[in-house]
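Please find the structures below.
Shared between the two complexes below is subunit A, which pairs with subunit B and subunit C, respectively.
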Partner chain A sequence: MTLTSEADAAAEADPRHPSPEPAGARAAMPTRRRRQRTPMTWIRGGGAWNLAFLAPMLIVFGVFSWGPIAQAVIMSFQKTNLITPATWVGLDNFARVLADPNLGTAVLNTLYFAVLALIFGFPLPIIMAVLMSEVKRGKGLYSALAYLPVVVPPVVAVLLWKVFYNASPDGVFNTILGWAGIPPQPWLQSSATAMPSLVIEATWAAAGGSIIIYLAALIAVPPELYDAAEVDGAGIWRKIWHVTLPQLRGILFIMLILQVIGTAQVFLEPFLFTGGGPNNATLTVLLLIYRYAFQNSLGGDYGEATALSLMLAIFLGLLSWLYFKLTDRWSTN
Partner chain B sequence: MKSSRRIAIAGLAALAMAGSLAACSQAAEDDGKLELRVATFPPGADQAAYDAFAEQEKQFEEANPDIDIVGLEYEWTAPTFAAQLAGGSLPDVFTVPFTDSKTLLENDQLMDVTDEVKELGYADKFNPIILEEVTGSDGAIYGFPRQAYANGLHYNRDLFEQAGLDPDSPPTTWEEVREAAKTIAEKTGKAGYATMTSGNTGGWQLSVQAVSRGATLQEDNGDGTYTSTIDNDATKAALEFLHDLRWEDDSMGATFDLDWGSINQEFAAGNIGMYTTGSDVYTALVRDFGMAPDNYGLTVIPLEDGGKVLGGGDIAVMPPTIDDATKAAAVKWIDWYYMQKLLNEDAAVADAKALSESDQAVGTPLLPVLDQETYLESQEWIKDYVNVPLDQMTGFTEGIFEQTPAGEIKGQTQPIYALMDNLVQAVLTDQNADVDALLAQVDVDAQALLDE
Partner chain C sequence: MTATSTPTGPLKAKLSAIVRRREKDATDTGADRGVLSEHDRKRPSVRVSTTAIHVFLFVGLVVAGLGPLLWLAKAAVTPTQDTLTQPFALWPNGIDWANLSQAWNDIHIDQYFLNTIWVAAGSWFFQLLVATTAGYALSILRPRYAPVLNALVLATLFIPAVVLLVPLYLTILHPPVIDVSLLNTYWAVWLPAAANAFNILLMKRFFDGLPREVFEAARTDGAGPLRMFWSIVLPMSKPILGVVSVFAVIAAWKDFLWPLLVLPDPAVQPLSVRLPAVQSQTELDVFLAALAISTLIPVVLFLIFQRLFLRGAGLGGAVKG
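Up next, the complex of A and B:
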């Protein structure tokens, strides 16, 4: 049993890219470990050099990423205006966030965004990628066109779409709708249509990246499987259903959880398009965090903001863990 | 060989690291002068404004050779303020609207200037209502009120003419505003009337409109506590007015997410017939938004049922973190740049001359920061330099001193404006918005903020 799986692994290894730790080194590990380890052996073994080369990365991540994360955790138990010394307030920040009537609105709105983005945004790139992989000529051109929205800086894209979403009859989208005889839509100017409008732009902006990933995954599907299916008399739909999708399973599961985490943190679109309006119809959790820290109170309620951030991070962490637990069996055979 | 190359690479990496860190800290200038970093204009001001500033900078530095003025493009905004204050990147002198000054000074985020204000002899000269805006509950003074305005009704004379209305007799009641808006919308296809709705400005302008109909939005209990009274007939009338213009007359256009910047931009571009905002906006409309002066008209806001006109203004302040030498220089600058022109004829004339020579607005209608007499006198001094079309603003300049001024709500000003934003957004974006229920809810939420 173990023998065959090791043999399989060896057969799979690409000879052009030998793994950094060849099997021989792994076998030698136990003997090396038995020797006495001192700081000197560590230095002779190149430990200091490794550290020196790691240092820029460690410093940059430490100062600009891990440090602020640790500071945010501390701040969530404090009241501070960043100048006078902070005071410890225990769980007060968490209690106040949980008592905020806007929290419910923000959570529901974020869920609404996530569900809409899932319905429109998740299948679309898969369909596009499958269609594009079937194209025989000009594949590169289509890939480039699909990826183009990702190249546009997100803020620029949103500001452009804000112009397109002009709700007067001579707005760009309303003019196009007019050609089809559809009356002008209020887009961002109505509580009912604001959120779907944000989702349409977000889907447009994100689809390109996903399409490229799916295209790459599709190339990895062994063509023999299609040939075999064809011999068995499968048409295009059966090939997609029985060959393509099962082969993409692993990547689909990863993309799904990435999308869920991404949509739970949606900020740019509501912040730039609507500022959370009209009447809080597009207030999301992250926008609420922003408001706590920078908008609602001039002192900046960093305590409440970091408390809600922490809760969101823990929730997403748990969700991801649960998701991988549940899908572990399906995604890996 | 190999190791020396390694050393070279590691050395380079370390150098790059150190270099980038060093670039973060500013090189200190050392020519014996004190560097004073002062706010100039909001982003977007034209070159002429900077030319005028450079001229004034030169005059100040000649009079104060030991101070080096460094102008910074800056506009006070809540989202960046606390972080900039903590990071030490705020200008040493900047201005803050009255709306925010109370919260900032109660949060210990402004410099105490009580002694300096008294020493310069301003303490007794300020209009007491305005001095109140910069006085903390500890009795200390935290800034120099430098400019005050009343809200007015601004209108586009060109759109009035296109709609067949007389731009020299603007509306004087809210009902006339509604009729004019409807006419403009029907005849020109533009928004006849518009109001701000986002970033707390919706709440600010709803206050203006409600107070003009006799509303009191907050009771000061005199013991540091406040009672919210947003839910009243006048606020309701203001909201229903907006609802009717939007849904019955369809005279407010199709954009309902405007804030101070975007409404000015739309107005300057000729897409809005009328809106309410501070009387001092002319300067920004022309300087920052490219409005054609001929199209501009200003009159007073209609007052009904004992209504008052909501005022505002801004104060020149310093961050609480600067050292004594910088503070002394900052006070000199504030006195010279902002205050002297209010009460000293030579300073007023020099200021007006520098501005008018660079084609900057001189004579925009304001309210007196000091007493009314000094203000009217100062207008006489600079008469020859006034270049704003005052004859298009007579509705305001002749009517404003007849109106009773009112101040903004004092407790939790911005957070409550944020709540009131939702009221305005609701009536403009939801035809079936339940005004009574919304008002009752906002009153409860506002009281909760006040009780915190």
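Up next, the complex of A and C:
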């Protein structure tokens, strides 16, 4: 820490770094340069170099990040289909999105996915990480095994699981269920089981990443805290409850909201597994946005698509703001 | 590092010690104890349960982590009928090695593989280019307006990617200044990938921690900003360059929706886009062989660079936290 603060102080004293000049002259430079600023002194002071180094970022962010973000706001108030010139339509796009009967379905489905993903996917990596951190030998092997599904390209994972979910009694999962005497399930074929099937695959694909993050956080728990808890006579469960989990609190809060934000934008699984079916049972908000813009027989309705994505973004923004406001007190003390 | 630019003597020793310490911090298993104390471990009931945990972890992780991949490897060389009727039987009717060559030649896995590598290589290059130059400018050169730019970059982290989808697509169709559509060119994938605020954040944080004395010394020796960047800052930043590289390559390898939108021409599509498209016209055994081949390279890369991957994943958490 001292290193950074020293560095900060040094940089504060001399914010614009001089170009190569004799060291003696440089000591007097800062005061002199402030007196008169001309393009020449700007270049000498490294201004041109600064811009040269910033140029790749400014171009790439300007064209492919800041620009499109601004454009999204503008487009949501316009009617655009790339053929006729864009016209201002006020809140028309928003009104049409809100009137779409599919919107309710999509929102409920996304909510359902998010809740299921929380139930299946949130506690599992925590439990695994706590268990794995207690293992003395073979931790490296376990971490590698846990992380393996994350390495499999998501598209491959979904296509492979689609084979696993074969609804015939000889399908991979149905065979396994058969060993336990459970009758074959329809998996992706029925609207009741389609969404849980998607969530199971998504959990499998993502758990490894969270496990590694929790393992890293567990390492940072000061061992003195456990020693102290033992002096106070705490058993294993009380140590987990009163030391481990409180120490992980910060990262748990962050991971929870990140997971919610991520699942609210789920696209790959419903798109590749079911295409939103059966009977719109897996139609999610992102899939609906995709349909508005890119699967529209009448030509892309870009205004409607951006309007919906903005609404989703604003909702997520408000949600995270509220979440951090509420958890701020718990996560700091 | 060239001889002229290398900081010498004690400075260098200090430097490498700092870099080494950073590496150690990130990978070290750190505390030598967790919830269980030595005393706990000696209790018979605890011993039994730790053994049980061992078995549970091993079996569970092998089944869940390795199982699907092993099954895929088996199914890749099994005839379709066997896979459909007896998914867990080991080659009841012999091994069908021809699946692999058929996948490679008929589905043109080789070509899509090259496309994938090309997508990943370009994304890697542009992400590193933007992240290192921007991190250097914002952290070390630090012009007066740096905090404003920094805030603008960080702000994009809070915008969900979905907001960008449509306007970014339209930008690719009609980019500013040059009026040529970037559709079906790799620029359409590389450049948006380079606008990654997380990379810049990681890079800037690392550069912020580098010792300023080195830069002062280099400046005294007459090193200009470019030389300082290339010969001092970059060689000192190998750990973070490795992490950002891993992130960049993995993200490019995984990406699906964006390349699907901007690379509609099958000739330039990467594997992730091509595989779902060919599924309906391919026999199951050949398709599974194609899936297996596409999984092989990332898995092998992971096994080789395991430490780098896992360190990167842990670091992701550290930054989030």
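What we mean here is this: the second predicted complex is superposed on the first by the 282 of 333 C-alpha atoms of A that agree within 3 Å, B and C clash if a C-alpha of one lies under 4 Å from a C-alpha of the other, contacts with A are read in each partner's own complex, and residues count from 1 in each chain.
Following the convention adopted for this analysis, contacts are C-beta pairs under 8 Å (C-beta built on N, C-alpha and C of every residue); 3 or more make two chains touch, one makes a residue touch a chain.
This structure is a prediction, so every number in the text was calculated from the model and none was measured.
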| item | value |
| --- | --- |
| Contacts of A:Phe64 with subunit B and subunit C, given as first, second, both or neither | second |
| Contacts of A:Ala180 with subunit B and subunit C, given as first, second, both or neither | neither |
| Dominant toucher of subunit A (residue count), subunit B or subunit C | C |
| Partner chain in contact with A:Phe53 - subunit B first, subunit C second, else both or neither | both |
| Which superposed partner A:Leu316 touches (first subunit B, second subunit C, both, neither) | second |
| Contacts of A:Leu82 with subunit B and subunit C, given as first, second, both or neither | both |
| Touching partner for A:Ser191 - first (subunit B), second (subunit C), both, neither | first |
| First, second, both or neither for A:Leu160, with subunit B first and subunit C second | second |
| Contacts of A:Phe294 with subunit B and subunit C, given as first, second, both or neither | both |
| Shared subunit A surface residues [contacts with subunit B and with subunit C] | 49, 53, 56, 82, 166, 168, 171, 294, 300 |
| Residues on subunit B engaged by subunit A in the complex (per definition of touch) | 6, 10, 13, 16-17, 78-83, 85-86, 100, 103-104, 107-109, 197-200, 253-257, 320-321, 414-415, 418, 421-422, 425-426, 428-430, 433, 445 |
| Touching residues on subunit A, where the partner in the complex is subunit C | 3-4, 6-7, 10-11, 15-20, 23, 46-47, 49-50, 53-58, 60-61, 63-69, 71-72, 75, 80, 82, 128, 130-135, 138-140, 142-157, 159-161, 163-164, 166, 168, 170-172, 175, 204, 208-209, 212-223, 226-227, 230, 236, 239-240, 243-244, 250-251, 254-255, 258, 261, 264-265, 267-268, 271-272, 286, 289-290, 293-294, 300, 302, 305-306, 309-310, 312-313, 316-317, 320 |
| Residues on subunit A engaged by subunit B in the complex (per definition of touch) | 49, 52-53, 56, 59, 81-84, 101, 166-169, 171, 184, 186, 188-191, 274-275, 277-281, 291, 294-300 |
| Touching residues on subunit C, where the partner in the complex is subunit A | 18, 28-37, 39-40, 46, 50, 53-54, 56-58, 61-62, 64-66, 68-69, 71-72, 75, 83-88, 126, 129-130, 133-134, 136-138, 140-144, 149, 152-153, 156, 158-171, 173, 175-176, 191-192, 194-195, 197, 200, 208-212, 216, 219-220, 222-226, 229, 250, 253-254, 256-257, 261, 271-273, 275-276, 279, 284, 287-288, 291, 294-295, 298-299, 301-303, 306, 309-310, 313-318, 320-321 |
